[in-house]
Structures are given as structure tokens and as C-alpha cells.
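Two complexes follow with chain A in common, the first pairing it with chain B and the second with chain C.
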Partner chain A sequence: MLKRRAIDPTLAFGLIFAILFVAIAIVYPLVRVLGTAFEPAAGPYFERFLLRPTFQTIIGRTVVLGLTVGLAGTLLGFLWAFVQARVAAPAWLKRVLHLIALVPSVSPPFAVAISMIVLFGRRGMISYGLFGIEGNVYGLPGMTVVMALSFFPVVYLTMVGLMRALDPAMEEASANLGGSKVRTFLRVTMPMLLPGLASSFLLLFVEAIADLGNPLTIGGDYVVLSARLFIAISGEYDLLAAAVLAVILIVPALGVYLVQKYFADRASVVSVTGKPAGSVALVTDWRVRWPLLALNVFIAAFIALVYVTMIAGAFTRLLGIDNSFTLNNFSYVLSGLGSEAMLDTTRLSAYSTVIAGFLGMLIAFLVVRMKFFGKGLLDFGTMLGIAVPGTIFGIGYLLAFNDPTRVAGFTLIPKLTGGQALLAGELAIIMVFIVRSTPAGLRAGVAALQQIDPSLEEASVSLGANRAVTFGRITLPLIRPAFLSGLVYAFARSMTTISAVIFLTTPETKIMTQQIYAETDAGRFGNAFAYIVILIGIVLLVIALLQTFIGLATGAERRVKSEN
Partner chain B sequence: MNTQTSSRLIALAAGAALALTACGPGAAAPAATSAPAKPTKLTVLCTVTEDWCVAQTKAFEAKTGIKTTFTRLSSGEAATKLKATASNPEYSVWWGGPADGFVQAKGDGTLAAYKSPNAAKIPDKAKDPDGFWTGVYVGALGFCSNKVELDKLGLQPPTSWDDLLNPKLKGKFSVAHPATSGTSYTMVWTQVVLRGGEDKAFEFLTKLHPQVSQYTKSGAAPAQAVGRAEAVVGVVFSHDCVAAVDAGFKDVVVSFAKEGTGYEIGAMGLVKGAPEEAAAKMWIDWALTAEAQEIGPTAKAYQLPTNPDAKVSDRSVKLSSVNLIDYDFVKAGQAKKGITTKFEEAIAAQPK
Partner chain C sequence: MTKAGTLILENVTKEFKTPEGRMVKAVDAASLTIQPGEFLTLLGPSGCGKTTTLRMIAGFEFPSSGRIVLDGRDIAMVPPDKREMAMVFQSYALFPHLTVYENVAYGLRIRRQSNEAIRQKVLSTLSMVGLEGKERRRPSELSGGQQQRVALGRAMAIEPRVLLFDEPLSNLDAKLRVSLRSEIRRLQKQLGITSVYVTHDQAEAMALSDRIVVMNAGRIEQADTPDAIYARPANRFVADFIGRANVLPVEVLGVGAGGADVRLAGETHTGLPCDPAVKAGGSAHIVVRPQAMQVGKGGAGLPARVRSATYLGNMVEYELSWGEHTLIVEDYSVIPGGALREGEEARWTFAPSRAYVLPA
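Let's turn to the complex of A and B:
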């Protein structure tokens, strides 16, 4: 009985809030970017950017980077998921591999890049120290490795979910009909996974072309659109040029994202076919099992090494040059500026986590359960927050909120960005954090709600509770796992993002990722590592707290389920 | 907005107090004590190393009790930031970075004139005749090399700009991006002067491009890359190279171009429409004193002071031993925007 209800007054407030948020924090800044880019004065810029060979090279490179990262990251995620779901291995090993795969998702994306310079640079501790090779991490290959390692966890999590949800009956049928294992895999299993793989590939493509931290850190002469955009703002402060570049970047990012969504929807059809009927036959043939396990363990060790390097680097004077133990990096980071940035970032991330967590569930609830005009638009508008590269939001906010928005002499929105802005620019940063992290919660919420029969909510309503009470007391507890994952994602994302906020920090409000980037660029890797270690520590601590307080019952439910 | 309004109110109150003073001495006494509104807050746009920014602002805060915050930005970024926020400035004083950037900012109309009484001591060459900027330190551009790595390549520390084009240094040379870094722009303008024009300079920079591993954002960064042997040679201000030695990179050595090298006058200026103008002027007065100019070396910043009374660290460069070119800051500053844009398009984005 998926009968959608008309909105009652208690939920109208929630709906209005959601619509206002999407309109002001997401759509309006993007409209300003488009508006600026299509001003008559911007015409020559399009000509300059699209017709000159230099810029065609930049666009070409951006696409190539998206493709290589998409390919490498998808392969990596697939390998990880396949080993988890389909290969016979000791439980503890799988657990360790699983945890290692999650580490990159709680660290700033360019953290890996710094470790790579120390380990595999010209005088890298491994490349030169062990093998005497002069490594070169600057450029396309280095960026591909770093980004694939940084972004693959999302592919892994998607793919492992898909593989576990596959109905083994199909494979059994193939085997019963005489199909060999290889044939079954290629002709039965793979076609079912293909939409998921395609969607993962495209998602990584978007992530790669949107990333800013890595191109700035190890891009070398491989200049991509996002890095060029950064120079346009930071070196030239040419907002017109930046807006035009932003539009050029939006086209592939949004286009690919929409294609990705198409594949993702097809993939999820597979995942909701119901509980597996039988148990999956795990791969036990050593000719397949050993190479896969060995490869997976090797890459996992590599990731572990990258992160151990960060910890080691945080506690040494100059890792690779003077390896004596020191706490100076931490005392530098924790005194003055660093501690301010740390507290500010944590505080702002916490605010936005709470808001994004509820907002995601609220919009999910409205979209799945309610009937109102413009529902699709609300969903799509929210998703723009992740489909559009973060740098573009940065520019959009500068364009939209650097001056107060006045309508007929009445200040509608005060100045939100830059110094002297409302709350020292904190509001703009919180808004961007929410914009970037709500989509994940929304998707998780939608997926969860679609699997919960509305009859429970209807019972609550017919017993006299209004819609808002029902949402808070019945729906939210039921979709707690989705709510929790939305919160965890929102916090991790807010703490580690750089592209969207690098243009929005003010003298009073500093953000950790930006400080890390500044230390990295200045070559003070010890300080950067200390920052990263602290940042990862905060994220892990908060995730643990969230899981303890919100996840308690969830864990119990899961245990009950697994016992059934 | 708020602080501006309130400072305007205070100014009004001060004006009223002065008017009262004129009326009669009796009435003035209570008003006069409340009149000189003591500034409480200062926001500095800082273009030296983070360490020095911290040391300098802390010293000012300790001396005056004015809460001083700063943002560190590279020179090019700082100039663009001022331009971007000109309608509603967030910084009151811009301190540090080559004078070229200040000349550019003066042209942009983002600086205000302020002739500090303490500026009388500063040599004429190191200050703007109209008072838009005043020099606080001097530094010479140098080569920063890793001795051990040079030995492995069988090379000596470079003594000429053309030494940088040695094929053995391909991919092993490091310098910042002139659009963001004043250091790097000083190098570019040095080539313009030495080679007689922009075209010749760009010929050189085009040949230099394949040698570069990564154009960094901040000017001092190559010194660290050289220390870490990520690069073998870098171009930085020589004091940044000395600071790298202090940071623990023992293999790093400084050398200079014999045909001539550029130098910077690190400047500061009052921001036009500064929200904390009174505090900013106090900063400018103070930053020109010998006491303030001796803070640098405590934060591993070995620039030469512009105040002749300030003690010179023995780790600072002896300018008499370096062949300095005739560096015209005004010309360099005026040409800056055109040159950096051209660099980004004609060089930085080119494949090697």
C-alpha cells in the first residue's frame, strides 16, 4: 500500500525549509555562475578557452584524468568487493581488508599525495631508498594512483552491496546446466554487475575531474580544469574567467553524473530483488583464490604503508632526512592558528552534520511518502550538491553572497562570504558543508524508506499523531541505519573537503584542510602530517560516538537479523 | 558592518569631544579621557612565512593589547584578494611581499596613503614617494641547491641563470608560479631586465619550463623541495634557503647569479577603507622600528631590515657580495598583471 499522502500542515514547515534551503544554498549560487558566464562580456572568454589549443589541451587532460581514475578506481573497488563477497578467506583477513578500505574515506583526499612524495618521489624512501630509482609522482600517473586510492572506497561499498544482494539461484542454474565457473562468471554474474560497475566508473570520473587538492599538490605540468580555475580565482581574481571555466567543467560533470544515475537506478533494481535464496559458492580454487588474495593484500599493505607514513611523518623532524622523534609538529599545529582551525572546523562540521542528517531524511521522507508538486525537482536540486564540483560552489558563493542580496531596498540575504560577513563567514561554510553532504543521506534515506511498509506510519496517523510527530517518532527510528550513515558521511565529508571551502575561509574562520594545503605547499610536511593525523583522529572519534549513541539499537537489530 | 558603524560612532563622539574642548577647558576633562578610542582589533594580510606572521602578530599584540589576527597569502593572491574585497575590505594592513605587488595594488586603488613618522629613517629607494607602501625588509634572489644531489650529477652550484638550463637538471628544478608568488615574479622580471625585454625573458622561461617539476603556490616552497631532494636546484629569496638549513635540511647551499640577480623590497601598506584604520597605522609605525624589525630572525626569517638601526643577523645575506640588477619596482609592478597572465597561458599549461 504505497499510497502517497498529501502534505499536512505540520510537515509543510519542513517542506518549506527544504525548498528554501535548496533554492538559496544550491540553486541560486549556480544560477549566478551561469548568469555571469553568459554575460555578453564573457563571450571572448569562451572563445579564448574553447578555441585555443592550450585550453583544448587542458580540457583533454581533464577528461583523460577522469577516465584513468575511473578505470583504476573501479578495478580496485571491484577487486576488493569480489574478495569480500566471493573469495574464501579467513574472517579476520576480510575484516582487516574491509577496515583498510575505509581509511581513505575519512582522510582529506590529498593526504595520500603527500605520503606518495615522501615514499615514491625523486628521493622517495622506497623508490630511491630501497630500489635506487628516481621516482616521479608529479603528473598523470601519480595523480591516477593517488586519486584511485583515495576514491575507491565508495566503489567497493557499492559493489560489495550489489554482490551480496545477487540471487545465487541464477549462478546455480548456470552451473546445473553445465556452465563452467569461468563461463558462469562471465556470462551470468558479470552482466548483473555491469550497471553497478558502469555507475561506479562514472562516479569516479566526476570525482576525479572535480578534485582540486591533488592537482594542486602533484599535478606537475599536467594542468587540469580545476587547477586552472584555482589560478583564475586565487592568482588573477578574474571571476568572469572563473565562471566560464566553471561552466565548461559543469558540462561533463553534470552530464556524466546524469548518465551515472541512470546506471545506478538500474543497478539498484538488482539489489532489491529480495533476500538471497541460497548461499553463495565462494571461490576456493587456489588458481583464482591465491592471486586475488595476494593482489588484494598487497594493495592493502600499500594503503596501510601510506597512512603509517603519515603517522610516522607527524612524529619525526623531517621524514626521510632526519628521522629523529619530535613532538614539535604537534605543538606547532596545536598552538595558535592550528588549534583555532581545528576547533572551528570541528564545530562547523558538527553543526552541518546535524542539519544535513535531518535534512537528508526529511527530504527522503517527503520524496518517498508525500505527494506534492515539484517533488522531482526537490530531489534533483538536492543531488546537485554532489553532482556539481565543489570549486563551482565556491565560485557561486563568492558571486552570490559577497554582497548583501537586496530586493527593493530590503536586505533579503546579508553578506555571507569574506571578512565582515555574517558570523565571520561561518554561515556560508556551514551551508556549503550541508550542500555537499545532504545528497548521500538523501539517497540512503530513500533506499531505506522504500523498503519499509508505510502501514506503520499510517497506524500512527490513524491513532491521532500528526505527520511531523509520526516522522520523528516512527519513521526516523525505523530508518536509523540510513540516518546514521547520513550523519557519518556528513561529518567525514565536511571535515575533509577542500574544493568547496578554499575560497570561503575568512581571517576569523580557518578550515583545517586549507591549513593542511598551505603547509603542504610550503613544503612543511611534518606539520601537514600532524594536522592530518589529528583530523583523522577527530573524524574517527566522532564516528565512534555517533555509532555508540545512535547506532546502539541498530546494532541490536542487525544482530537479530543475522540470527534469523 | 557592525564594527564600521561603531567606529564611525566613536569618531563622531571624538569629534564632539573636540568641539567641547574648544568651548571650554572645564567641560573637556571628562570627555577627553574617553575620546582616544583605543583600537581593540587588527586583521593583517600577511605575505611572509607563516612562522614569521605568527611571531610578528604576537609581538604586536603583546605590545599594544590589540587582538591581531592574520591570513597568510602569497603576494599575487594577496593583491587579488584586496581587489576582490575592495568594496568591503576585510584586512586593514598588508604586510610583507615584494614591492612590485604593492605597486600593482596602488594601481588597482586598493591601498591608501599613509606616511608614518617612522618612515623618515627608511631609505628613499625603499618607500613609495606618495606613502602608499613602505619597505620593511630587503632580500636578494638566489639559487638554492642540494649539494649532495649536485655532486651526484657532477655539477657545481649554479652561478648563472643559464646554468639552470643544463639538461641534467631536467625535471629537477623548482620555482613558484609567478601569478601567485612574488618571489617567482621577481625572477621573471629579473630576466626581463637582464635579457632586455619581455620577449627575450619568455624565450628563457619557455626553455626553463621542461626543467620544472611543479610550479608551487608559495615562493619559499622550492627551498623545502630542494632540501628533500625532490628538486636539485630552486630559485627562492636567499633568506628562504637559509631558513631551510635552519629547518634541518643540512645539504642546502645558496649561490647567486654572477651576471646579476633581482631583489625585493618587502613592503607594507595601509588598505584603502581599512576597517581598523587606527590599529593599522599603529602597526605600520611599529613595524618600522628597529625593535619590530629584529623579530624576523627569531622566526627563521633572515631578511635584511630597512631600518638602519636594526641589528642585522649574521645569517642574512651581505648585499655587497651580490651583484644586484637595477630593479625598477614601479615598472615591474605595472607590468605584472600582463606578464603573469601570459605566463599562465603561454608557459605553465604547456606540455613539456
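Let's turn to the complex of A and C:
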């Protein structure tokens, strides 16, 4: 008999690390949530949450929020993409619109909500200051606007990619056959964009029902599942109720996510079929062009206003009430009591970024290039990190790691969360940061690796480099753009996330987003804005540093797939 | 000088699981001995297991059973980076982010040689493959032929015990293919590296090889020198696959020192070279190459009808209908204008000494 094929020791180590990480940091906490929710004691909770009208309302509201945000965000993203890809406009204007769309992706999602309160709330600068109306931004409409503005960039980027990948020849063919422009667009172009739109809608649905920061800041009486879940933990200290709510939330979130993935895969099929030849005819008809441009510019101006408000608010005592200039907010965040959170968050995000960046590429490599049992599970398990709402990880971590895990009197995992946790709870926070940001790197890595001819790596191995050396010297440099985007995403995500981490902060380890929430809650908007401005500043600075040091495309990538 | 290796395959089998869960034998009990410095080619139709065999030698696949022995050591389960072999790929597989110099230096750097040693080796290798002065270029700045030279240099620079090639020339145009193959042959002889070369192009195999291994459906059909493979194919598959052949059923009248005597459609032919397995008194097949056939308007031979006649300058190529058989004839003796025409009756025969008898 032959020996089993010997796997490279370094690679085996990487594989074991990846599996252990997914098992301990992702699967185990989720299993604990499920386990708790299905304890006999949890039975009455299910009855209460699923049958009582108050709780049915919560579930209904959550779904409605998902639908409105999905619709509004998809429309917004589509508008942005259509103007970029299909409407004749000056290049500088398109550039400005493009940049404005990217701003929300580097700021905490609920930053927009805080600005909206200051602008349109009861004593809002615009609602009250300009019009003398006591505005009400709390509730469904406010949340819909805020979430749509915060989440639409991903739709925009997907849709603009799809629109640019469409083969203009198809539209030309239809036009040749006598189809009018409108008809061509509806009959030829839209059907090809439909999977992309469907997937965008579903993605936003999941994001909306998973979000915690916005429901907490601007939800008001419109209580959704994630907010109710937060109350169950931080107000009622009832982990059992939280676990049951988590299970109720996980079902639509994960279900819709899986359906979304189905549509996303179909959308990508569309995008790679035709090699686009020639260029599309841009819309020049003023009846279409002007309304679209005007709408887009108006919304862009609105977003700009929201962010300018943050900057202004950071330099004022209390925007709208006492508009005097001050640097106190900044000194609070930079050198005062608030600096601890800033430093901790940045430090922990930095660690997580490095680990998540490499982990994403490693798992991508294992999934694309290696043959092993459970490969699909490793991929799926990693993706759960983003498919499952962050709040559920928060609960899962509390359930799994608030007490040391002991097996036969031997401490397998020490206490990671709450008071007296290992490293003051930093390890749990880092873990959750990595869990939430690795999936994006994994997908980017998989896409990049599939573009690279495997014989490049085989050539390296046949020249004597083992798999690990090959990964470092050949694979990683070739997928550098994916690696870079994984790092950028990981850092931005870690710095701006709140949903999972808000459950995990300890008195010794504070997180900026949680401080922003606390300052807002206490009405100290100046401090909150200073935090937000500094947070965005740090994220932008680190992105610039990463791009400088990891470097942009070298030109080699284009030739990676040796022609056949 | 390189330490040329002796490579032995013993009953090597490789099974793959198809997506439907069936097992397919990509390579079926292949046995071979490759001498030091020998240039051996695996030749066969697409899907016959050539690449799989080569990849098992390289270590990218592991055999389901059997032994692969390099210089006395069973390496069947040794990972590819520990095998002291180097592979040249169809797609060149040059590292696009490295210069030509760094591509060739790659294997040497892995071996932690000194910078000076690396420099000397890279420069001498590049001059050997005719790429002096191109050190600083990126692969994307070279032509296809130049890229494959870099790949060749990169593989030879590490002085492997065995050099492996998987259809390295099939991405190049016909003219470059011919010039690069003679260069591969020259360098291989000069360095004396044991080489295993995979191709489906029989002209390439003929031109390059010390020995050709003809494969079919995972099995080795014949392993022999190019002229033996051509003149004395081991079976009908090899006869058909190597060059063109007319394969015709005969009755064996007798087998002697001077060859076999056979009867074909009532006519007796004597002194045909024959396979050792051919016995007197049974039926058999003869293989006759198109250029060993003779055709004329009248005279001796069997009657047939001309299905097509193609004038090719140095010869006329005929297709003859003879019963249910279609015969191919290359006639080099014809004078222009004197050829047979389509539809005409003709008579054909062949030179017995240039035919070959195979067991049925």
C-alpha cells in the first residue's frame, strides 16, 4: 500500500489554523446561540416572541424596514450607476459624484443618523432653524433614508460594474432592428441587469435587518429585532431571550443571504459572457438627462451636507443650539478621556486587519487550489461571518466565552468577554473584527486566484519552492490587488462596526463606535462628531498608507493568465 | 555537468473520480525505464493519459498504485519540490511580476546559492538559450518564442535530474515550433539531461526523441525508437496513429527466417517482415505505408477504383476504393499529366519488404 499523500507542513499548519479559527470564532458561538435557544427553558420565549401581538409587530417592522431600505438603496445605487455609466455628463462631475458615493463606506453607518438628528430633528438646524418645524426623524422614514444613504455604495459599485461589462453590441443589435431607445433599455438592457438588481435588493435587506447602530440612534419607537435584542442583553440581562430573538433574526437574514448569493452568481455570469467591444452611446436626450443629473446632484449635495455637518459639529459646542467654535471636542477625543477608545480601536483594528488580510488570502488559496475534505464547509463557514448579523455574534460570544471553556478540568479556552476577561476582552474583539472582515477578502482572493493559471504555482514548486514559499513569492504578489482590497476593507470594517462589538467592550477596552453611540445618547453631539471625523480621518490615512506600501497594480496582473 | 537521472515507472496506475462519482483510469499499469540522458516522448491522442503520467513523474499527482523510482529511490509519494526535476509548461508559466533574470534565478534563489553564483549561472543560461541582453525585461515584453526560451532556461538553470515538458511548443506558430524543437534537442544533448516530453504531434516526437512511448486510453501501446515505431508498429493502433497506414487482412501461409508469406485476396506475397507473435496458418493484418504502395493503369495487382487524385507537386495522392476498403497511395513516380483520374479503374500492389505483418 502507498502512504497517504504528504501535505506540505506549512500548508497543513495554515489549513489547521483556518479550520480552528472558523470552528472557534464563528461556528462555536453560533452553535451556542442555537443550543441556548433550543433549551427547554426557551420554549415559552418562542411562544411569547412569535405569538404575542407586540412581538409580531417587531418582526413585521423588521421585515418592512428590510423592504424599504432594500428598495430605496437599490434605486439610489441604480441611479448613481446609471448616471456614471450611461448619462453624458462632464468628467469632473462624474468624478465628484463617484467620490461622494464612497464616503459612507469609510464612516460608521450610523454617523449619517446622528447628522440627520442634528439637521432635521426636533431642534434641527434645517427643520427648526430654517423652517421653525419640530422635525421628527425617528422611526421608519428616518431609518430608511439613513440606511439607504449608508448602504447604497455597494449597490452602486456592483451595478456600475455590471453596466460597464454589458456588451454594447447587444443594444446596437436591438437598435438596428428598429427598437426605440426606451424599448431597447427595457427589453434588452434591464433583463440583463435584473439579477444584479435582485441581488442588491436582497443584500440591502439583510444589511438593514442586521444593522444595530441606526435602530439604536434613530429608530425611536420603531423597535426592530436587532434593537430588541440589544435591549434584552443590555437592559434586561436576559441571554435566553436574546438567544431566541437571535434565532428569529437569523432565519430571514441567512435565508435571504443565500438567495442573494444565488442571484449574485447569476449576475456575474452575465458580466463575463461578452467581451465588450466598442462603447455605449451615452444618453444625451435632455428629457432623460436633466432630471437624472439633477436628482443625482441633489442627493449628492445632501450627502455632502450630512458630512459637512459632522465636521462643523465637531468644531462647535452644540450645533444648532450653541454654534460657538471650540476645539474641546477634539481634545476630548485626542488627548482627553476619549483618547483611550480611539487608540484601542485603532490598535485592535490594525491587528485584525493584518490577520484578516492574510487569513482571507489563505482560505481563498486553500479553497481554490487544494483538494481536501470539507472544503466547501470551510468556505461557507467563513462566509457566515458576514451572512449572520453582527448582533448574533455579539450574543454568541457572550454565551460562548463569558466563562472559560473547560474540558475534564483543563481550561481549553479562557474567559474572553466581560470583566476579568483575557487581555481585558481585547482578544474577543479582535476575533469578532476578523470574523466580520475576512469574508470580503476571501471573495476577492477567490476571484483573483481563479484568474491565475495554476501552472505558475506548479512551475515554482517544480523549481524547488514548497507550497508555502510559493504562496509567499508567487501567489501573494500576483493577487496583490485582492490582498490590498481585503486589507482596506478589513480596516474600514473593523473601525466602523458596532453591532457585534458593542456587546464585547469591557470597562478597560472601549471602542470608538460604542463611544460615539454613548455620546450621542447623552446628547453630547460635539464629542460624537469629533469621534466620527477622527475615525474617518484614521481610516482614510490607513488606506493611503496601505496603498503606498502594498502598492497598486504593477501591470503584471494583466498578464497573469498566460494566454492559451 | 548535470547528474542525469535514471527514471523507472513500475506498474503506475492513476485513477480519478469523475464528478458523477465513477472511477476512471487515466493511466493504467504503465511501466517504463528511462536511461540517463535519454530523450523520451510520450505520444498519443488527447486524453490518453500523457499529462497525467508526466504530472505523476513531476509529483503534482500521486499514483493510485505503482512505483516511480529515480536513481534507486522510490519517489512516488515525494512532494514535487523535493524531486530535483523541472517542468516546462505549455503556457510557459513565467512569473509575470519578475524580470527575465529573476525568473531564471528563481530556482537558484530557492536553493540559496550566492548572488555571484546565481549571476554567473543566469547569464550563461540566458546566453545558451539566446536571450543575452534581455535580463531586465518582463515576460510580457517578450514574444511567445522568447518566453518559452526563458521557461526552458529557468528549468535548465537548476540542473535538474529530469527535465519535463508538457506540450511546450503547441502555443507557437508552425515555423517557430520547428526551430525551437531543434534547439531543445541540441541543448538537451549538450547538457545530457534525462528528458520526458509530452506531445500529440508525431512529427515533433519523431524529430526530438531517442525513444517514443505511444499511449492509448491510459495504456502504453509501444515504447521504441522512432524508426522502429514507424516501421514495426506493435499493433493496429500504433500503425494507425503513427503516420498513415493501410491495414489489410491477410492469411498467414508460413513464417520463416526470411519473414512471413501471406495471402491477400488470393495473391501470395512472400518475405514480409513480421511481428514475432504472428503464427503460420492463421489470419493477420499487414500494415502498408502509402509510399510503399504502387498503382498503375494496368499490369499486375488487384483492381480498384480511383476515388480521388490530388496532385501535390512532389507526388500524387490517391484514394482507392477496393471492396469495402479505402486505400491511400502516395505516388512519387508519376510524371505530370500522366496521373490516374477520378473514377478510373486502376491496379495496385505493394513492396513486400516495406510492409509489416501484425497478429490479428
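Rule of thumb we're sticking to: the second predicted complex is superposed on the first by the 533 of 564 C-alpha atoms of A that agree within 3 Å, B and C clash if a C-alpha of one lies under 4 Å from a C-alpha of the other, contacts with A are read in each partner's own complex, and residues count from 1 in each chain.
One rule holds in what follows: a contact is a pair of C-beta atoms (placed from the backbone, for glycine too) under 8 Å apart; a residue touches a chain by one contact, two chains touch by 3 or more.
Predicted, not measured: the structure shown is a model, and the values here were computed from it.
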Contacts of A:465 with chain B and chain C, given as first, second, both or neither: second
Superposition-derived comparison: chain B or chain C, residues of chain A touched: B
Which superposed partner A:478 touches (first chain B, second chain C, both, neither): second
Chain B versus chain C as contact partner of A:297, first or second or both or neither: neither
Partner chain in contact with A:507 - chain B first, chain C second, else both or neither: first
Which superposed partner A:456 touches (first chain B, second chain C, both, neither): second
Chain A residues within the chain B interface of the complex: 52, 54-55, 57-58, 117, 121-123, 136, 138, 216, 218-221, 223, 228, 231, 233-237, 239, 317-318, 320-322, 336-337, 398, 402-403, 415, 418-420, 505-508, 510, 518-519, 521-525
Complex interface listing, chain C residues touching chain A: 58-60, 62-65, 76-77, 79-87, 89-97, 106-107, 110-111, 138-140, 151, 154-155, 158, 164, 171
Chain A residues touching chain C - in the complex, by the definition given at the top: 2-3, 5-6, 8, 453, 455-456, 458-467, 469, 473-474, 477-478, 554-560, 562-564
Residue ranges of chain B touching chain A (in the complex, touch as defined): 1, 3-4, 43, 49-50, 54, 58, 69-72, 76-77, 80-81, 83-85, 87-91, 149, 171-172, 177, 179-180, 209, 212-214, 216-218, 220-221, 223-225, 227-231, 247-249, 275, 337, 340-341, 344-346, 348-352
